[in-house]
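Below is one structure, written out as structure tokens, with a few remarks after it.
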């Protein structure tokens, strides 16, 4: 029982190291905020094609993540994909004519929703629909568009 | 507390009657009766493999018999609840053949182990008790050694001190003399007898060392083939006419217990080997 | 043919009997765990020998597994120009699979075998029987603290392994392979979810801890009390734990990340 203090110390350090590692995994490796039930408000967008978009995909405005895709469904009447977007609290003043498009980060990266703010004075609120949406681009479309643009003189 | 009721003087402290026990298809005991009175040193003797150690385990409640009774202090051991059995075991100490000391603890901590497990005594008091017990077996000076640093005889004495730690009424010795040099054998013999008389213990010694065991026992039982072949005082046993007891006590290689393990005739085995 | 069937039948029966004994044993041990609340000191010693002493091999292996993963992952990703996803690749592999599984395998080799051998030798040298005769229940005094220590240690070790693996991958990725350090972390943070990836990995390792500890203490407690029996039980612990962990990992992965 003499070295029991050393044992205690070592065990204490071990447990502390394990908990610290878990903390770092939570804060540095994963995004702990994703764990908290996303607080904020939900807006809805209809897309003709969501491509490879998945639930929990990031929603960005100007490259900054401001929310996540919370649900993807098929609307049976319009035959379009109904995408619920949860915007985090604090980003309350998105103009109501904000446009949403599905983009790809990098050539083969994940797909995300990019928001482009409009100019209307009133803001989007819970349950509002985004009027202007642009579907995901399939790789073939991108190539096709590229060739078309080349033919049309490279104008956007 | 039923466990504390004193046993009437007339009643044996340990009473084994009509015990039948078999293990692995082998009948070890077939109607064995053993009684041990309070204050006695009783020896159970017999050649190796007669299940003497098994008998101790039956008394300690680690095994249960197929039929027959094992009563310790008036309580039937094999029908006791776990709690009652553990309470009964606190009144028994067992000295295992190997000593069964905890190899990761010092001698001191080994002896302190049952005290720390079963009592809430302050460490200072435990220290006094442990040193007293170690002193009783003459090994107070070895308290900081680990079991691996002890000789076989010393390990058994430490184990004895540990068995005594809770001041039991009964001590069961499993082959205390096996593999001991004459000096430690003498020390153990002296201890067993002395502790029994000075502390008012009751001792059961299982052994096949005839001379040593008979010299300290009040009474002895000789087991063979699942039965008690002879019992009585050492003098009576030494004078016994039974061929079996004679072979055992006089250490004759052949007799009722054959030198050869049962086998067919040697000629058959040889001719079989040649024909292959 | 009938001979073969007979052997199959008898080995099945004996395996089922062993499984039954193991389950009853686990239930008794779990029922006896209450004493640990009263005497946390028992647990301390076992956490030391089961957890702390396994730390070295976990730290070293974690770093190297991460470094190798980084190297291999990079050469695959760079063909697609996606080397910025290196952090994601490494972090997801480690948190979900490699962290819990490799830790459990190493744990079986280092701590599980030691537990089996220790308990087996205590049985062979009559220490367990001696304890029983001293009215101390070895299942509570010896087995329960070891099982709980395994249950606590393995998740902690797995988390440490995972983190060091990511760190090793980061060092190799940024210093050796030239991946941008900002992209490494930010891509990882964006893609790795705490609830789905990190937490599921921890749940896995808790289950692995229970299984590894259970197999180790049971094999020790159930072994033949001879030197051959103890050595066989020790081997058995490593083999059975490895197989069960891998099979269980498949089931858990199928359930968690459908």
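Letters A, B and C mark the chains in the order given here, with residues in each chain numbered from 1 onward.
Methods note: a residue touches a chain if its C-beta (ideal position, glycine included) is under 8 Å from a C-beta of that chain, and two chains touch if they have at least 3 such contacts.
Only a predicted model underlies this, so the values are computations on that prediction, with no experimental measurement involved.
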Chain whose mean Cα position lies farthest from chain B: A
Centrality ranking, top chain (CA atoms only): C
Chain B and chain C: spacing of chain centres that average the CA atoms, whole Å: 42
Computed distance of Cα centres, chain C from chain A, in Å: 35
Geometric centre distance via CA averages, chain B-chain A, whole Å: 76
Of chain A, residues touching chain C in the complex: 4, 7-8, 10-11, 13-15, 17-19, 21-22, 24-26, 28-32, 34-35, 56, 58, 65, 106-110
Complex interface listing, chain B residues touching chain C: 57, 60, 62, 86-87, 89-90, 92-94, 96-98, 100-103, 113-114, 117-118, 159, 162, 166
Contact footprint of chain A on chain C as seen in their complex: 41, 44-45, 47-48, 51-52, 55, 80-82, 84-85, 91, 95, 152-153, 155-157, 159-160, 162-163, 166, 185, 188-195, 197-199, 202
Partner chain B, residues of chain C touching it in the complex: 121-122, 125-127, 129-130, 132-137, 141
